[in-house]
Amino acid sequence: MSHLEQLPPAVAILIAALVTLGTVLVLLGTVGLVRLGSFYERLHAPTLGTSWGAAGILLGSIVMYSTVGDRLIIHELFIALMVTVTTPVTLMVLGRAALHRDRAEGRPPPNTSPPDAVSPEDQAE
Amino acid sequence: MLAHNLILILSVLPFAGAILATTMPVTARNAEVALAGGVMIAGLIALFLLFPEVSDGGVIRRTVEWVPSASLDIALRLDGFAWLMLVLVYGIGLLVVIYARYYLSPSDPVPRFYGLLLAFAGAMVGMLMAGNIILLVVFWELTSIFSFLLIGYWHQNAAARDGARTALIVTGAGGMALLGAMILLGQVVGSYDLDEVLAAGDIVRAHGFYPWILGLFLIGAFTKSAQFPFHFWLPNAMAAPTPVSAYLHSATMVKAGVFLLVRFSPVLSGTAAWFWIVAGTGMATLIVGAVIALYRNDLKGLLAYSTISHLGLITALAGIGSGGAIVAAIFHIMNHAVFKASLFMAAGIIDHETGTRDMRRLSGLRHSMPRTAALAIVAAAAMGGVPLLNGFLSKEMFFAEAAEWHNGTWLDVALPYLATFASMFTVAYSLRFILTVFFGPPATDLPKEPHEPPTWMRRPVELLVLIVLLVGLFPQALIGTVLQSGVLSVLGENAPEYSLALWHGFNIALMMSLTAMVLGAALYLAAAPRLSRANEAPAFLSRVSAQSVFDRVMLIGTRRLPLAAYGRLGSRRLQVQMRLIVVLVACGAIWSLWGATRLLPLNAFDNFQWSFALLWFAGCACAIGAAIQAKYHRFAALALLGGAGLVTAVTFACFSAPDLAVTQLLVEIVTTVLLLLGLRWLPKRMREIPGDQRPQARARRLQDMVIASICGAGVAAIAFAVMSVPPGLTIGDWFRRNAYSEGGGTNAVNVILVDFRAFDTFGEITVLAIVALTCYSLLRRFRPAPESVALPSQQTFNELPPISRKADREAVDEPTRHDVMMHVPSVIMQWMFPVTIAISAYLFLRGHDLPGGGFAGGVAFAIGLLLQYLATNVRWIESRIIILPIRWMGLGLLFAALVGMGSALFGYPFLTAHAQYVHLPFIGQVPAATALLFDLGVFAVVVGSVVLIQIAIAHQSLRSARLRAREEAREEEAREAPQPILPTTPPAPPPITPQEAR
Amino acid sequence: MNGPSHLIVAPILIPLVAAAFMLLYDERQRRLKLGIGLLSCALQLLVAVALIIQAKDANGTGNAVSLYLLGDWPSPFGIVLVLDRLAAVMLLMASLVALPALIYAGAVWHRNGQHFAPLFQFLLMGVNGAFLTGDLFNLFVFFEVMLAASYGLLLHGSGRARVGSGLHYIAVNLMAAMLFLLGAALVYGVTGTLNMADLATRVPRLSDADRPLIHTAAVMLSGAFLIKAAIWPLCFWLPNAYGAAAPPVAAVFAILTKVGAYTVIRFGLLVFGPDAGASAGFGADILAVGGLATIAFGMFGVLAAQDLSRMTGNMVLVSSGTVLAVVGLAMEYDNPEMLSGALYYMLASTLAIAALFLLAEPIGRKEGGIAGLLAVTAEAYGGDPEDFDEQEEDAGPAIPGATTLLGISFVLCTLVVAGLPPLAGFVGKLTMLASAVHFASGMPALWGHWALVVLLIVSGLATLIAMARWGIQSLWANDEEPHLPAMEIGGILVLVAAILLLTIKAEPAMRYLENTAEALTQNAVYIGKVMTTAPVGADQP
Amino acid sequence: MEMILSLSIGVLVASGVWLTLRPRTFQVIIGLCLLSYGVNLFIFAMGRLVTGAAPIMPKGGFVDPDNFADPVPQALVLTAIVISFATTALFLVVIMASRGFTGTDHVDGKERDS
Amino acid sequence: MTLFPHPLLTVIIAVLFLVLTGLSAGQFVLAIAVGIAGGFGYSRLTPDRVRLRRPDLIGLLFGRVVLDIIRSNYAVARLILSEGRDGRRRSGFVRIPLDLTEPNALAILAIIVTSTPGTAWVEHDPADNHLLLHVFDLLEDDDWIHIIKSRYEALLLEIFQ
Amino acid sequence: MTATTFLAFVLTASQVLLAISLVLAALRGLRGPRAQDRVLGLDTMYVCAMLLMIVTGMREGSAYFFEAALVASALGFVATMAMAKFLMRGEVIE
C-alpha cells in the first residue's frame, strides 16, 4: 500500500476520477459491443474504450507515477498515442472487409439498423 | 611349436585364399584353380605333418584371444577325429577345385565361386577345429551362410534362389538353436572350453537344463545333417553347381551335424531321451531317404535323398552310442564322403556332357562314355553296399551294431529289421542309377551329343573310385591308424576293440546284407516300370511333403501371422497414436499419484480475486470455444485462440513475470498471422463432414472428451498440489542473490537467459533457425491443393455497385484492387515501421536490467517488417527492403558463438560472460556486458528466423499467382488449337483481372 | 592444466559453427557447404575419439568423469556438460554414423532440396548436446534442437510420403515435448533443481508427500524419452518416418532412438538407481516389459515389411527394444551384467542399421540405372521455375562391381543386425544371452530374462529370414548392375569398416563398455564430480 | 488464485488434448497451441504465484530471495514459448504441405469412412 | 544518401524513444541513433520527404479533435445506455467527396474519424476520392459532410497541401 | 474512508470492471455471429487487457506492467488487422 499512501488526497481523488471515467467508458463500450444489433453499429462501440476510456486510465497512471516518482513520468503517453494510431487501422480494414463481404453475398449494406439476419454462410466462419 | 603354427595356418589359409580369390579378375580361371588348389594342398601337407601329434589320441591346442570378456576366444583344437574330417575337407576340396575348373562355363564368374568355396572350407575347418563351443557356433553359422551363397551361385535361376533360401533358413535356425544349447551348456559346465565340456558329461546329464540343451542341440545337428523332418532343404539345394554338391552335400557341410553328434556323444548321450530321439530320427531318416531316393528321376535328386538316408544311418549309429556304433559312424562318415563325392561328380559329368540329369531321358551311356560309366558303377555299387567296396564295410558294422547292441526297448528290437528294410531300398535305387543311366539302348534325344569329359574332369572321380576300391579291399592297411586315432579322440579310454577285416565270417550282419541285396534287386525289378511315372515320390509321400509343410509354415509364420500381428498391435493412424500417448501417460500418472496426500485441495479459495477469476472465465471460454469451433469455424477458432493467449499473457504480467507477458504477446501476434497465412492454404470448412454425426463418431468424441478431461483434471490437480506448498531450497534462490552481483544485470530472468543459462538460449535460437530453414526448404517445394490455387473468393468478386470502375482498368501501373482497399490503412502501417524500430530498440537495450531482451526486441522488429508486408504486397516491399534472413540467422548464430568462445582466450569455459560498467564521456556509466553482445546474436537470429518463416509462407501467394497465369496461358493455347482438348484442370477458372494476376 | 578442457564442448560447437557458416552462403555453393560439413564431421569423429580416451582414464580416481561448467557458473546452478564413458561412447557412435551418412549424401541427396548441409550439422549438434548435458532442461533444449533438425531432414526432398509421415512424426514429438516440459517443470516444482546429479541427491530425501509427485514427473519424462526411444506402443510413427526419409537421413536417424534410450539409461539409473531410496528402480518392470514387447513388435514388422527401408525401420525397433529391456531388467534387479552387452549390441546394430538404410537406395535403384537416380528427384520437384536450377550436375563417378560390393555390405550388415556370427552383433547378443542365462539360472522364475533370451534368438532368426528373402529378391533376382556413385558406396564402406573394426577390437570395446556399465550403477563418482567441481573463476578472485 | 489458475491450466490442457486427438490437421494445430499455453502456465506455476514481486533486483545490497518471484521457471517458460512457437510454425507448414499433396486435411492424409 | 532522409520523422521517433525511456544523456544519444534508424527505415518505404506547410495549425486541429472526441464519447455512451428505451436512433452510411489527396493527411483524417466514437471510416476510393463513412447516429447526411469537410479536412488541407 | 483507501477501492473495482469488459468482449468473440464480429471482439479484448494491466500496475505500484501494455497497444493491432485483411482479401499477404 505504500505507493498509494504517498499520494496527496486530492491527487488520489483525481486519479480515482480519471480511472473511474476510463473504466466506465471501456465498460460501456463493451456493453455496446454485446448489445448493439448490427456489425456496423458494433464497430463504433470499442472506440469509447480506445479514445477517452484509455485516455482516462492512462492519464490516471501518469498522474500517479509522476506524483509517486517525484518526476514527470509520461511513458503512458506513448501507449495512448499507439492506441490512437493503431486502433483505427483494424477498424478501417474490418469495416471495409464487412462491406466487401456483404456486397459479395448480395446484401446491400443496411442503411438502417435491423437485427442481423444470420445467413447460412454465417455458420461457417 | 610348429604344430601350433600349423593349426593356425590350417584355419587361416582358406580365408586368406578366399579374399585373394575374390580380388582376382574374372578371366583368371587357371590362376583361381592354382590358388584354391594350392590352399588345399598346403592344408593337406600341414595335416600330414600334424598326424603324428594326434595319432595316439593327442590333442594340439592353440588359442588366440578375441573377446575374452565374453569368453569368446579363437581356441583351435586338433584331435584325431577332427584331423580325419579335415582330410576330407581339404582332400575332397582339392578334387572339387580341379573338377570345377572344367565344370563351370566361361560365363560363370569364377572369382566368386572359388572365393566362396575357399571361405566355406575355412568355415568348415574352423568348425571342426573349434576348441570353444561358442566359436564352434560361430563357424557353424558361417558354413550355413557360405553354403547359402554357394547354393545360390547361379542366382539367375529361381530354383537356386529358393533352394539357397530354404537351406539358409533351416540351417540358420538350427544354428540359433545350437547357440542356445551351447550357452546353456556353458552355463552348466561353467566354461565354454570344449575339453572341459567334454569332460563334464555327468554334470550335464544330471542338470535341470539337460532336456533343453539336448533339444536345442539336436535341432542344430539335425537341421544341418538334413535329418527327417528337416531333410527337405537338401534336395532343393541340388540347384547348386555340382562341384558344390559334391563338396558340401556329400563330404563336408552335411557331415557337420553328424560330426557334432559324434563329438558331443560323450557329453549328451547315454540317456533314454538321447537314444529315442537320435536313434529314432536316424532310423526314420534312413528309411524315408532311401524310399524317396528310389523314386527320384533327377540324378542329383536321387543322390541327395541317398545322402539323407546315409546321414540317417550315421545318426542312428550316434543314437545307439555304443563304442562300436561310434566307430561305425566315423568310418561311414569317411566312406560315404568318398563314394558320394565321386557319384556327384559323375552325375555332374553326365549332366555336363548330355545336357540333362533326368533318368527318364538318359540311357545306355556306357557306349558313349565308358570310362565314366565304369567309375560311376563302382561308386554306386559302394553306395549300395556291395562287398569289396568301402561302403560295404561300414554298413556291415552298422548291421552288426543294430543286431547285437541291446537296451531292451522296442526300437532296439526293431532296429535290425528296419535297417534291412532301408538297405533294401538302398540297393534298389543304386541299381536304378546303374541300370537306367548306363545300360539299355543309347539315348536318342539328348540335348547334347554325349562323349567322355575332359581328362582332368574325370581325374578326381578316378582318384575317389580308387580309394573306394582300395579301402574296400585293404581297410586296415589304408586307414586303420587314421580311424583308430579318430575313435580314440572321441571315446578316449572307452574305445572298443574292433577289426577292419573284410571277412568276419558268415555272421548275422552278412545275412542282413545279402537279404537286402536280394530283396532290393527284386524290388527294383518289380518297381522299375512304374518309377518313371510316380512323380518323384511314393504315393503316400507325394501329397504331404516336408517341403510343402515348410513352405506353408514359412508363409503363415513369417508373413501372414507377422502381418496380422503387426496390423493388430500397431496402427498407422495418428489419432490412435496420440490417444495411446495420452492414455498411457495418464494411466502412469494416476498409478503413481494414487493415494497421494498432497492432492487434497486445502485452502482452495485463498487469495481469491474477482478480476482474476473473471479474466480466466473469459480465457477458459475462449479456449473451449476454440476447441469447439476448430473443426467447422476455423477463423473463429483462431480468434478465440488469440483470446486465450491474451489472457495467458495478462496472467504472466499479474504474477510478476513481465518478460513472459511481453514475449507471450509478441509470439501471440506472430503466431496469429502465421496461422492466418496457413489458413489460406487449408480447406475452409463449411460443409459438414460426412459421417460426423454418426453414433460411432459421437462416441469417439465423447470418449476423447473423457480422456481430455481426465488429463486436464490431473494436470490441474498436480499444479495445485505444487503451488499450495511453499518451495523448499531451490536453485532459483541462488540466481536471485547473484543476478546483479555476479551476472551484472538486475533483471534476473534476462541474466539467466543470457548468462547463467545462456546455453539454453543458445539451443533455443538454434531451434528457431532450424525451423525457419525447414519451413523455407519445404515451402520451396510446396504444391497447393488444386482448389486453393484459385484466387480466394474475396478477390474474384467484383463489388456491386463498385465505387469506381477505374480500378479495373488494364493499365499495368494502375494500383491493384488490394492497393485501393488498403490505400489509407497502409499509410498508417508504414508510419508504424520506424515506431516499431524504436520499440524494438527499446526492448532490446534495456533487457539486461528491465523487462525486454534480444528475443523480444527481435520479434518486435520482425513484426514491424511483417506489418509492411501486410500493408502492401510482397513485390512492392521486396523491391524496397531487401532482407537476407538466412544471412541474419547465420551471422547471429556465429556472433553468439564467437562471443561465447571469446572467454576461452582467457582460460574460461564457453559462454563465460564479463560484465562491467564503462564510463563514457558525456554519457556516463554504460553497462557493457558481453552478455549484451550475446543478446545481439539472439536478436539477429530471431529477426532472421521469424521473417524467413513468414515470408516463405507469404511467397506462396505469389507463386500460385504465377501458377494461375501459366494455367491460363495454357488454356488460351488450348482454345486456339484446332482440336478441342479435354480440360485437365478444374473447369471455369475464376476470372482474374490482369492486375491481380500480375 | 588450469583452464577447462574445451574439448568437451567441441562436439556441440563444431557442428554449430559449421552450420552457421553454411548459412552465409547461398544454395549455389552446395559443394562448399558439403566440404564444410565433411570437415566438421571428421573433426567430430576425432574429438569423439579423443573424448573416449579422456573418459577412459579411470584409475579409480574419478577422472573418468569430466565436467565442463558452461559460463563458469558452479553446478548445480549453471548448466554443466558431463563427459563420462557412456557419453563418450554415444558421441563416438553418433560421429561414426554421421560421417558416412554425409559422404553418402554427397552423391545426390545434399542438393535434392534446400539446406541439407546445415540441417545435418544442427542435428548433430542436438544429438551431441543431448549426450553431454547434465541438466534436465538443457536436455529438453537439445532434444528440441535435434528434433527440429530431424523434422527438416525428414522432410528433405519433400514428396507425399515424407510429408505424410513427417506430419505424424512431428505431431507425436510435439506431444512428447509437452510431456517433457511438464515433467521437467514438475521436477523443478518439487525438488527445486534441474541438475540431474543434484536431483539424484535430492530424490532419496524427498518427503512421502512429495514422492508421488516426483514419480509423476518421472512418468511424464519417461513418456517423452520412450517416444523417442520408440518403445511399443509408442513407436508406430517410426517405421513410416524412417522408411520415407531420404536414405542418408534415415541413416543418421538411427542415432535418434539411441538418444531416447540414452536418456532412459542416464536419467533412470542416475535418479532412480539403487541409491534412490524409496524410489529405487521406479518403473523398471514396465520398462522391461515394454522393451520386450518392442522387440516382438519390431520382429513382426521386419517380417511384415516389403522393402528394405521399412524393414530396417523395424530393426531400429528391435535394437531399441533390446536396449530398453536390458536396462529395465538391469534396473529392476540392480544387475549391470547385461548392460555392457546391450551397449555393445546397440553400437554395432546402429552402425549396421545406418548402413542398411544407405544400402536400400542403390540396391533398389537396379530398375532403371541412372533413370532411377533421377526418379528420386523427379517426384519432389513441382513445376515451379524457381526450382529448375537445382537439377544440375550428375552424381559423380560411378564405380564398377556394384552388385558385389552392395551384396557384401548387405550380407555383413544383415549378420550384425541378426546377431549372427562372426560380427559384432553376435558378440553383443552372445554377451547379453550369456549373462541373462547366468543371472537367471541362479534365481527362480525370472521370466523376464528368459523371455529376453528367447526373443533375442527368435528376433535374430526373423531378421535373417526377412533379410534373406529381400536380399535374394533384390540382389539375385535382378541381374542388372545398378548405377552406384562412388560417394555412395564410399559412405557405406566406411560404416562397414567401422563394424569390422568393432568386431576385431571387440575385446577392448567390450572392456570399455563393461567399465561403462559398472560406472552406471555406481553414481557416487558421477554425482561427486558434478557437485564438487569448482569454477575456474573461483580460484582467481 | 492458485485454484483459479490450476483450473484454468486444466481447461487449457483438456481443450488442447481433446483437439490433438481430433482428425483434422487444423484442430491438431490449434490443440497444440492451447496445450502449450497450458503447459507454459504449468511451468510458470511451478515457481509459485507471487504478485508485485517481479524478479528485477536492486543494484547491490542484501537480496532476500523471498521478495522476488523465482526467475527460473520464468526463464524456462521463455524458452518453452519460443520453442513451441517454432514448432507450431513448422507444423503449420507441414500441414499445408500435407494438404497440398493429399488434397485433404485429415491427419492421416486420407479420409476415413467412419 | 543522407543521414536525415526524414528529419521530421527522426525527431518524432527520437522524442517518442525519450518518452519511453526518460531523459538522460545516454538515452538522448540512443534516441538520436534510433531516430536516424527509424528515418532510414521509413525512407526505404517512402522516399519522398513529407512537408508541412502550416505546422502551426496542428495544435488547433488537435484541440478540435480532443473536444469532438469528448463530445461524441458522451453522445455514444448515452445512446448505448438508452438503446432499450428509444429505438429512434438511425445508423447508416454516408458518402463524402474529399478534396484531400495527400496520403498522410488522409491517414490522419482516417484516424480522427475513426477515433471519434460515432463515426467509422469504412472505405476510401482513391479513384474518385470519395469516402464512405458509417455513422452511428445519422442526423442528416449533409451535416456529416459538413463536419468532416469543414472541421478537419480544411485544416488538413492547409497543413499538408 | 480516506482518499487512499478510496483510490485503492476504485482501482480494485476498476480491475473487476475491466475484467468484466474483457468477458463481454470475449462474449462477442464467442457469439459472432459473423467473422468480423469475432475479430472486433478480440480487438476489444486487447484493449481491455492492456488497460487491465495498467490498472493492476497502479494497484500494485509496479512499473513492470508497462512493457506488456506497450506491446499490446502498439503491436496488438497487427494480429487483428491481419485477421481483418484475411476476411477482406482471403489471404493475408499477397
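We call the chains A, B, C, D, E and F, going by the order they appear; numbering starts again at 1 in every chain.
Assume a residue touches a chain if its C-beta (ideal position, glycine included) is under 8 Å from a C-beta of that chain, and two chains touch if they have at least 3 such contacts.
Here the structure is a predicted model, which is why all the values come from computation and not from measurement.
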item	value
Remotest chain, chain C as reference, centres from CA atoms	E
Reference chain A; chain at largest CA-centroid distance	B
Selected pair, greater C-beta contact count between B-D and C-D	B-D
Cα-centroid distance, chain D relative to chain F, in whole angstrom	21
Chain B and chain F: spacing of chain centres that average the CA atoms, whole Å	59
Distance between the centres, which are taken as Cα means, of chain E and chain A, whole angstrom	17
Sites on chain D at which at least two other chains make contact	20, 25, 42, 45-47, 51-52, 54, 56, 72-73, 79, 83, 86-87, 90, 94-95, 97, 101, 107-108
Shared-contact residues (touching 2 or more other chains) in chain E	16, 20-21, 110-111, 121, 123, 132
Multi-partner residues of chain F (each touching 2 or more other chains)	18, 20, 22, 25, 27, 32, 35, 38-39, 41, 61, 64, 70, 74, 76, 81, 85, 87-88
Pairs of chains satisfying the touch condition	A-B, A-E, A-F, B-C, B-D, B-E, B-F, C-D, D-F
Interfacial residue positions of chain B with respect to chain F in the complex	609-612, 614-615, 617-618, 621-622, 625, 635-636, 638-640, 642-643, 646-647, 649-650, 652-654, 656, 658, 661-662, 665-666, 668-669, 672-673, 676-677, 679-680, 791-795, 818, 821-822, 825, 829, 832, 835-836, 839, 843, 850-852, 856, 860, 863, 866-867, 869-870, 873-874, 950, 953-954, 957-958, 961
Chain D residues touching chain C - in the complex, by the definition given at the top	20, 25, 28, 32, 35-36, 39, 42-43, 45-47, 72-73, 76, 79-80, 83-84, 86-87, 90-91, 94-95, 97-98, 101-102, 107-109
Chain A partner contacts - residues on chain E that touch it in the complex	16, 19-22, 69-70, 73, 76-77, 80-81, 83, 89-93, 110-111, 113-123, 132, 134, 136
Footprint of chain E on chain A - complex, ascending	25, 28-29, 31-32, 35-36, 38, 40-41, 43-45, 47-48, 50-52, 73-75, 77-78, 81, 84-85, 87-88, 91-92, 95-96, 99, 109-113
Touching residues on chain B, where the partner in the complex is chain A	632-633, 635-636, 684-686, 793-794, 797, 799-800, 821-822, 824-825, 828-829, 831-832, 835
